[in-house]
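Some structures to go through are shown next.
You will see two complexes here that share chain A, one where it goes with chain B and one where it goes with chain C.
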Partner chain A sequence: MIRITGGKIYDPANGINGQVRDLCIDGGKFVSSVIGGRTIDATGMIIFPGGVDVHTHVAGGSINFARAMTPEDHRRTTAFIRTQSRRSGLGGMAPTTFATGYLYAGMGWTTVNEAAVPVLSARHTHEELHDIPILDKSSLVLMANNEILLDLFEAGDFERAKDVVAWYIWAAKSYGVKAVNPGGVAAWKWGKDAKQLTDPIEGYNTITPGTIIGGLAQIIDELGLPHPMHLHCNNLGAPGNVWTTLETMKLLEGRRAHIAHLQYHAYGGDDWDTMRSASAEVAEYFNTHTNMTTDAGAVLFGDTVTITADGPWQHLLYKLTGRKWGNLDVENETGCGIVPYTYRPSNLVNSIQWAVGLELLLLINDPWRIFLSTDHPNGACFWRYPEIIQLLMSFDFRKECMTKLTPIARERITLPDIDREYTLYEIATITSAGPARALGLSQKGSLGIGADADVVIYEEEKDIAKMFSHPRYVLKGGEVVIEDGDIRATPEGREFIVKPSFNPDIENFLKPKFEDVYTMSFENYPVEMERVSHAEIRDCIDT
Partner chain B sequence: MTCTLGEVKNRADFIVYWGGNPAECHPRHFTKYTLMQKSKFLPRGRKDRTMILVDIRETKSGGAADIFLQIRPGKDFEVLTILRAILKGQHVNESSIAETGLTLEQMTDFIDRAKKSRFGCMFFGMGLSMTRGKHMNSAALLTLAAELNAFTKFVAMPMRGHGNVTGADVIMRWQTGFPFGITFNRGYPRYNPGEFSTVDVLVRGDTDAALILGADPGATMPQPAIDHLARIPTIVLDPKVTHTSRLARVHITTSVAGISAPGTAYRMDEIPLPLKPALKSPYPTDEEVVRRINEAVARKSHWMPADGPMTVLQH
Partner chain C sequence: MSPIILTLKESPKVPLEAETVTPDAFLTMSNEQIRSSLVYHGKRHCRLDDFFDVTGEYSDHIEMHGDLHRVKLLGKSMSRGQLKVHGSVGMHLGADMRGGRIEVTGDAGDWIGAEMINGFIHVHGNGGGQIGAAYRGSLRGMKNGTIIVGGTAGLEVGMRMRRGTIVVGGKVRDFCGLQMKGGTIILMSGAEIRTGAWMVRGTILSLQPLPLMPTFVPSGHYNPSFIDLYARELRPHGISLPNSPSSGTWSRHCGDTSIPGKGEILIWNPALLT
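Coming up: the complex of A and B.
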């Protein structure tokens, strides 16, 4: 039992904006009152619900490939020393699993969504998620380039496609569906891409990226998954891709959708020399269409490693930069590419990317629909979120940072004209309450009675980045995990999964097709329930 | 740039084995994954695929190859570099070609076939990665594969063996950031193959105890390393009596993973396969033994700091 007294509460889920209230915790949840137990005096401090990351890459084959490719970064990064209560590890661009848990919790984040899992290696992803301490987790399974599914779309067999998607989600013990460059990754298996919604897809006759996006969004709504289709749009990263993004948004009218890392999809211009920010066009459309949520995918200057299921884009990035390139195509399901990358303020494209992430966060006016993310580790590492919060809360700091950009870059962006400054209440919305609601996790992102007692307590401080980097206390499930800058406990987290309903006969349809294209036996393919640690099955919803 | 084996099965019409002998070392590789399978894109199976074998001598795998390229021992790096030059249309002088044991025609034919293929894959074995040039050879082959992507789809994959070595590699990476050659002697992982690899640590005599799991270094390592294992308290977990278990102070017999112990094995393409035991064993699993050792150690007074700085900057 814990009572937290005297703190200023920022709890957007319950409309509490800086009022001083006591919080009572028992059995890992918020309760109306407790008698006895520990009291934490939070007088003068700021209290947030634990952070929720709607889109990150922390576990599985691709981030583990990135770890293998970047030993030079491990050598220079922060190291975690083994003690009685914690395991050793390394931070940096692609942190090790134990360090991932410590770094997220040390910053006040308590729930993360691993955004890209191939079913074929889902067993591996769950093993890594188990080794990420403290945090609660969910994961999304990659479906938009699954060839068995694409064949069904090509044949117009929608009902069967729906059963197949539901079967795959349960086989992976996953929480929802991620769609990456729909059709484009399938085309990449032949070295091609599909950039526009009406482009043909190599190897198929009738379907287009648009067919796949529309079909999947409908399936996910009809299955009632708590998190809508999580879409990485086609034509990522390319100058002028704003038109692809707007076309995609129009196609999704009447459907729920989460558009991932919007920054990478909001560029104008015709080529790398004429590229400009198109965040205003995207934000204007997005503001008037409430069927969608998004996350920023913001970029910060510095070193990182880019990892994505978008294989063709990574091949282009390798050709542009001449740096290391890793590519891993997964039979029938997806691809994956890895390229280390440095964002520089002297580079025009990088400067525009930096500005676009912030512009979208500032121009999209409903903090319940845009969330803080860097598409970790693509735009920047997650442990740099406090720097972004500082940029959002201080126009003066933004102006200071913009002096580093070249004059040409400053002409191609709208950031200098935006003087909005986020309030603490809005920061609590984009970092916790909003993403929790978008994920359909009602017990997260809230300090209300009955919610999970995940709490961050900050000592008020003028230096915003410092304040958000070093919370005074972090509680996870009612247990004090961080106190005075030290890790006090490392409990194991839960994994949220869903079991959408499907016709069991679908296995008779799938098995022969499966044996044609896969190299593992059908019976061994689904992840067994006992391999998911502390699984919690969430209900599907009525959409 | 690599892929899972199913991609090769479904798509690869051009396959190269370099410095390996899969017919004897990976006997199911041809039939399950690379040569014999039919697919939607390769309906005639073997007839739709071309296989080139590159090695320094004829092996049983030669019988399965369409083309055998016999190169001089130790010339892998040179051959790969010349292939890259031909790919980029650069001039290569005749004496450089003559040294390799191949002709310009053979090498030009290799590149022509690779460029014309729809999906190419190079598998490389220890004949490439563990001979003169070592990791430089692997890097040259991977670079050739990357550069071929300017013309067609091309991937490469090492032919790994020795049980679940890939699994150890995968798990060490997620827990420490590094695949092997790791030391924890400062309390956090550091990596330096050649310094912290097991064989180097043993040869220098830097370790005062050893726990050996799933390996038989007594059969494969250089004599000074074996001598050191015999000098120090060595504990071996193994289902069988091995060269290492004979020189160890303690041999704990364990059940056999995949036969009488469950678990996960990672295939050479890093796909995790569940192991479902068919038999029961009177012996404990490796996992159980290590867990019980850990529990016993935890009951002793703790040598590690209870507290202290959460992180350090490395030097």
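Coming up: the complex of A and C.
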């Protein structure tokens, strides 16, 4: 039992904006009152619900590949030395599992969504998620390039496609569906990409990226998954891709969707030399279409490693940079590419990317629909979120940072004209309440009675980045996990999964396919429930 | 300033990581502080005087005696002074070195002067592999400075080096100058196969014939004047580079064209005696 007294509460889920109230916690939840127990005096401090990351890459085959590919980063990074209560690990561009938990919790984030899991590596992903302490987790399974599903779309067999998607989600013990470069990764296996929403995909006669997006969005709505289709649009990173993004958004009218890392999809111009920010066009459309949510995928200058299922894009990035390149082919399901990368303010393209991420966060006016993310580790590492918060809350700081950009870059962006400054209430919305609602996790991102007692308490400070990097207390499920900059407890987190309903006969359809095209037998493929630690099955919803 | 003298008492059974042994650190330390400085014997924390007798204090001039082939990371990141070893040393000698001099009378292990930024290292015996190289995964090897190895050297000498000079007296093994980005490697006795593979820029000089990869393109014979500069610079260290047209010419090979790179391998062709 814990009582937190005297703190200024920012709880957008319940409309509380800076009022001083007491919080009472019992049994890991907020309750109306407690008698006895510990009292935390939070007088003069700021209280947020625990952070929720809607889009990150922290576990599984691709991030592990990135860890293996960046030994040079491990020498220079934060090392966690083993103690009685803490396991050893390394921070840096691709932190190890235990370090991921310590770093997220140390910053006040308590729930994360691993956004890209091939079903074939779902078992590995759950093992790693189990080893990320403190945080509650969910994961999304990659579907938009699964050749069994694409064959069904090609044959027009929508009902069976729906059963297949539902079966895969349950087989992976996943929480939702991620669509990455729909059709493009399948085409990449022929050395091609899918850049037009209306062109048939390499290897198929009729289906286009548009049919996959529309089909999957409909399936997800009909299955009633709590989180809508999580879409990484076609043409990521390419100059002029704003048209693809707008076309995709139009295609999704009337459907729920979450557009991932929007920053990478909001560029104008015709080529690398004429590239410019097109965030205004995207934000204008987005503001008037409330069926969608998005996350920023913001970029910060510095070293990182880019990992994505978008294999063709990563090959292009490797060709552009000459850095290391890793490529994985995940049988008939998806692909994956990894390229270490350095964002530089002297580079025109990088400067535009940096500006676009912030512009979208500032131009999209509903904080309930755009969330803070860096697409960790693609745009920057998650432990740099406080720097973005500072950029959002201070126009002066943005102006100071913009002096590092080249004059040409400053002409190609709209950031200098935007003087909006986020309030603490809005920050609490984009980091916690908003993403929790988009994920359909009603007990997260809230300080209301009955919600999970995940709380961050910051000591108010002028230096915003410092304040948000070093919370005074972090409570997870009612337990004090961080206090005065120290990790005090490392409880195991839960995993949220869904079980959408499907016709059991679908197994008779899938089983022969496994004998034909998979290297794994049908019986060994689905992840067993015992493999998922502290699983909590969430209900599907009526859409 | 009288030197600090470290004499090995007994050879460590597993590698001893002695990155504390640098002129920079010892300059500000009393004899007791030097004795108690931390070394890692395998995973165990030990005192330096568990393994060494120490005389002297407050000096940036260090002399070491004994067979130190299991002692790693000597002179790591040093920026001044002098480290002289009478015997052999282990891996990572002078890694990340910033300045000063290191001299070793015996052999040295792999990674001599790895990622060094400046300074001078002279190993009179044989060296290991990866001299002046970039560590695994890293993009940049040595940035400046000079490494001279009297004897032979191992694999990947000068891998991904940026600038600076490496001279090897004996034969060098495969992949010398792998992915080299700049700088100069001088091979007094030639090298085994795949010299200069993936080299982007930089110069490899060989006084002996080399088996060249097919991706290196012959591009003439000449006597470049920059060789004289190297010859003058290296003469005090007992190294003589020929360059007079009457004694022969250098044949130039450009590559590695598979990248495509703009590096060069120069091979000395002595004039035929008539």
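The criterion applied here is as follows: the second predicted complex is superposed on the first by the 543 of 543 C-alpha atoms of A that agree within 3 Å, B and C clash if a C-alpha of one lies under 4 Å from a C-alpha of the other, contacts with A are read in each partner's own complex, and residues count from 1 in each chain.
Basically, contacts are C-beta pairs under 8 Å (C-beta built on N, C-alpha and C of every residue); 3 or more make two chains touch, one makes a residue touch a chain.
Predicted, not measured: the structure shown is a model, and the values here were computed from it.
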item	value
Chain B versus chain C as contact partner of A:189, first or second or both or neither	first
Chain B versus chain C as contact partner of A:485, first or second or both or neither	first
Partner chain(s) touched by A:397 [first = chain B, second = chain C, both, neither]	neither
Chain B versus chain C as contact partner of A:72, first or second or both or neither	second
Overlapping contact positions on chain A, where the chain C interface meets the chain B interface	71, 75
Complex contacts: residues of chain A adjacent to chain C	69-73, 75, 323-324
Touching residues on chain A, where the partner in the complex is chain B	59, 61, 64, 67-68, 71, 74-92, 94, 96-98, 102, 106, 120-121, 123-124, 127-128, 131, 188-191, 203, 315, 318-319, 325-332, 485-487, 516-520, 524, 528, 531
Contacting residues of chain C [partner chain A, same complex]	135-139
Residue numbers on chain B that touch chain A, as the complex places them	1-7, 9-11, 32-33, 39-41, 118-119, 146, 149-150, 152-153, 155, 170-171, 173-179, 184, 186-191, 264, 266, 270-274, 276, 302, 304-314
